[in-house]
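Structures given as structure tokens follow.
Common to both upcoming complexes is subunit A, partnered first by subunit B, then by subunit C.
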Partner chain A sequence: MFYKEWIKTRWALLLILIVTCGYVGYELLNFLRAIGAMGGAHIWIAMIMKDEPMFVRHLQFIPLMAGVALACVQFFPEMYHKCLKLTLHLPCSHLRMMFEMLGFGLASLLVCFGLNYLILWLGMRPSLAPELYGKMLLVALPWYLAGLAAYLLSAWIILEGSWARRIFNLVVMFLCLKVFYLSSFPGAYVPFLPCLIVFVLACILLPWISIDRFKKGIE
Partner chain B sequence: MENVIECINLTHYYGKRKIYENLSFSVPKGRILGLLGKNGTGKTTTINLLSGYLQPRSGECRIFGQNVQTMDPALRKQIGLLVENHVQYQFMNIEQIEHFYARFYPGQWRKEAYYELMKKLKVAPGQRISRMSNGQRSQVALGLLLAQNPELLILDDFSVGLDPGYRRLFVEYLRDWAHSEGKTVFLTSHIIQDLERLVDDCIIMDYGSILMQCPLGHINEGFHRFHCQLPERLSDVPEQLLGEKQFYHPALSLTGELELYSFLEKDEVERRLQAMNLPHGPLMMDNLDLEDAFIGLTGKY
Partner chain C sequence: MRKLANIILGIIIALLVVWELPWLYNNYAVSFLHGDEIGGQPFTLYSGLADDFIQNTDGGQGRRGISGRDYTVEEADSLLPFFWTTQLVNAGRLPDTIRGYAVTPQLIRQTNINYHHRAYDSHSNRPNCGLWLLLESLPKRVNLEDPDDAFRFTEDGIEFVNMNTGKVKPKKSKLFTDALVKKGFAFPIHELDGNPDTRKEYDEGYLLIDNNRRMYHLKMTAGQPFVKKIDRVDETVVPKFIFVTEFRSRCLRGLMTDENNVLYVITPDYEVKPLGNDIHYDPTQSNMMIMGNMLDWTLRITTEEAEEFYAVSALDYSLLKTFIAPYRSNPYLPGLHFTETLDRWVKPRFN
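Then we have the complex of A and B:
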């Protein structure tokens, strides 16, 4: 199953990796330019006083778009001419096949997002105190969780056979994802992060609803 | 004889539209059974019910004795499924798709059977399926099924998109493979000539029910077209002809010729026409190929 997913998504994954890392690199360059122009001390003071997500705010919707893009690349071909029938006809349990497909997608996104974090960490560490770059990384965490949730919710929508239900799912997805963008105040999400993680994990089960409906021929 | 497929009292509706009610049939092991029917009679619906991608309103489909809705996943190794329009993973090439499927069928996968058919395709091994013609894609899908070497093949409209040469090659290959290895095949096709060369038995579906399930020879040898000239020009087919259950689709041509189809012997048809007091010229009997027989049984719309 991983082989199929890899063949299907490898170029898209490369593109997602380049775009997300490119964006992170761009934000990092802005940060380094600001340090060079205004000096490290000024940036430190600004970060402490302003209490807003400086230098990472443009990343806000990048993980979300990466999640949606990967789900499209992975699951639209499954629904093209109902190719999912071929996958479901393989001699494995349907639940296992679904988890393997989603597991591949989630693992790919985690690698990609992990690299984003690594670049940010490596780029900011020499110029900022751990509290300051830790705060920035924490600010971006709900956005990256939104990327994972967007991937799972998009899979739920794409695998759904009925258009009316797809639109309903889309509205639910929009409302769910809004929860990840309620505030960009540094630390605002810290107490709520476990709930967001549980929510993302729970979303893994949603595509099963669509697959089950597909098996019943509901269109 | 052991039944590989058993459909029991299937009832299915799309919304309020009834497709069929209490449909039952079975396919014995080692037989090639063709499902024939006009458009919209439920052939693809039957395939979808059999492959578990549709839930009937009532009744059940059993394959190898197991309900298809709750079947042990490992049993699917023994069922080869050709999905409508010969769908396959478009993003793979010939080698990748073989490599992918082979891992699911250890011990039964026949790589050489697949590549033997692929040699005839004249496409580069690295060419993606999405860039192939419809016919080439169909050949890839069929090649994969033969490589899977299952005990049961379910083929939905297998001849769609294939050129005559490849159709003939496939029909002969499939027939020899099924008969020599005792495989069971359940298939539909719009090209009835192909079915005639391939199937042992056929089911003819009409709207809402099965019109007939029998060995092909029963139709080839026993079903005939009868025609005779009527002395007087009639505007409509006489009521007594329409009421005769052994006469299928009696009709009048523009020249006043009466045409009907029947399993009865010529003498018996003659006797029944006389019993109806229907004056007519000499009664002629034609042998039929399967396509004509199908039209005779189901009518010309």
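Then we have the complex of A and C:
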């Protein structure tokens, strides 16, 4: 199953990796250029005094787009070429197959997002105090969780057979993802992060509703 | 598994409904249905000459006292000479003396005060990165300058970090830690407030509350620490929040609230005195505005229940007049919210 998913998504994953890391690199270049032009002290003062997501703000919707893109690449062919029907005829547990498909996607996104975080951390660590780069990494955390949630909710929508239900699911997805973008105040989400993580974990089960309806032939 | 998935979807949809529907109603329907009933008091200022709170009416075109008396705009200008100074100067109506005190436009500008504190400014109502900036209070040039280091409070001291290299300055850290310890400061810190903006006229550094709930004043003068212990008004008053004011007139060091939310002033000679007669202010739940002059101050404290106006004497901090305007019945629909105007946190709350 993992190999099948890898064959299907490898080029898309490479593109997602290049785009997300490219954006992170762009933010880091801006950061290093600002340090070079104005000096470290000036950047520290701006970061202490301003409650803004400095040097990560362009990343805001990148993880979300990455999650939606991966779900499209992974599950559109399943529906369009009716591969899902074949997959569901394999002599394996349907639930396990779904978890393996979603697990592959989630693991790929986690590797990609983890790499983004590693690049950000390595780039900012030499020039900033832990309090300051921690502030930037915390700002971006809900956005990356939104990326994971967007992947699972997109899978839920794409695997749904009925268009009316797809539109309903799309509205639910939009409102759910809105929760991840209510504030860009650094650290504002800290008390809420455990709830968001639980929400993302709970979303793993939603595609099962679509698959179950698909099995029943609801279109 | 299908059942569990459907239960999760049901919970998500229920949460979205109790979040979005009240939001739609409160943001769009309330102003349409209750347009005139909501909204706070108009701009209100205490006039010491009339001993009355004077409010703007008719969209700023009229003036009315809370005593019920109507004033013309010109009368109100004369009754609030410290606020409408420029208007009176232009009209050639600014008196030489007000209530026996000689005044000039320059003196009025010098002694007028304006202070705001919003609930979301309180440290418990917002995330803090834990790094602070300490300016040099006696700069070589006229203007205040940005420092080249930032500081953090640790469990047992204060630590200065060079902002260009990211390395701790051990000598300066020890110098300031020793100065604080010498005055009896107990680490870790409980609360602090300061304003490291260089565009102000002078710097008062930070007001601190230590782990034993004692107040201290810390600033840097000529590179050396200046630490002053501030005595409590009495031992039963336990400081909770402290605020640096840095008014142009230097009439105060700062403000302080205690465990019972009673508001105090810290005078220039470090005396702590209650402001008004037992004025209560919870900095985490209400907003406060002070507009004042050399003779009296108007305090507006906005709580969830009412808008409270207090007039206090700038000379002895005694209460002159009170006006409390409770809000009318709350037309807002309760629901799930993730953000509040009182704090900066994103978290679920039902109200």
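We take it that the second predicted complex is superposed on the first by the 218 of 219 C-alpha atoms of A that agree within 3 Å, B and C clash if a C-alpha of one lies under 4 Å from a C-alpha of the other, contacts with A are read in each partner's own complex, and residues count from 1 in each chain.
The rule we apply is simple: contacts are C-beta pairs under 8 Å (C-beta built on N, C-alpha and C of every residue); 3 or more make two chains touch, one makes a residue touch a chain.
None of these values were measured; they are calculated from a predicted model.
With the C-alpha superposition on subunit A as described, subunit C and subunit B fit side by side in the combined arrangement. Judged by the touch definition given at the top, the superposed model places A:G40 against subunit C, while subunit B stays out of reach.
Comparing subunit B with subunit C, more residues of subunit A are touched by C.
Once the two complexes are laid over each other on the shared chain, residue contacts for A:G123 go to neither subunit B nor subunit C.
Of the two partner chains placed by the overlay, only subunit B lies in contact with A:Y3; subunit C stays clear of it. Of the two partner chains placed by the overlay, neither subunit B nor subunit C lies in contact with A:P63. The superposition of the two structures on chain A yields an angle of 150 degrees at the Cα centre of subunit A, opening toward subunit B and subunit C, reported in steps of 10.
Contact with neither subunit B nor subunit C is seen for A:G105 once the two complexes are overlaid on the shared chain. Between subunit B and subunit C the least C-alpha distance in the superposed model amounts to 14 Å. Within subunit A, no residue touches subunit B in one complex and subunit C in the other.
Those residues of subunit C lying in contact with subunit A across their complex are 1-2, 4-6, 8-9, 12-13, 16, 19-20, 126-133, 146-148, 150, 152, 161, 163-166, 196-197, 338-339, 344-348. Residue ranges of subunit B in contact with subunit A, taken from their complex: 48, 51-55, 73-77, 79, 81, 83, 85, 87-92, 96, 99-100, 103-105.
For subunit A in complex with subunit B, the residues that touch the partner chain are 3-4, 7-8, 77, 80-83, 85-86, 88-94, 214-217. Residues 39-42, 44-45, 47-49, 51, 95, 126-129, 131-132, 134-135, 138, 172, 175-176, 179, 182-183, 185-192, 195, 199, 202, 205-206, 208-209, 212 of subunit A are the ones touching subunit C in the complex.
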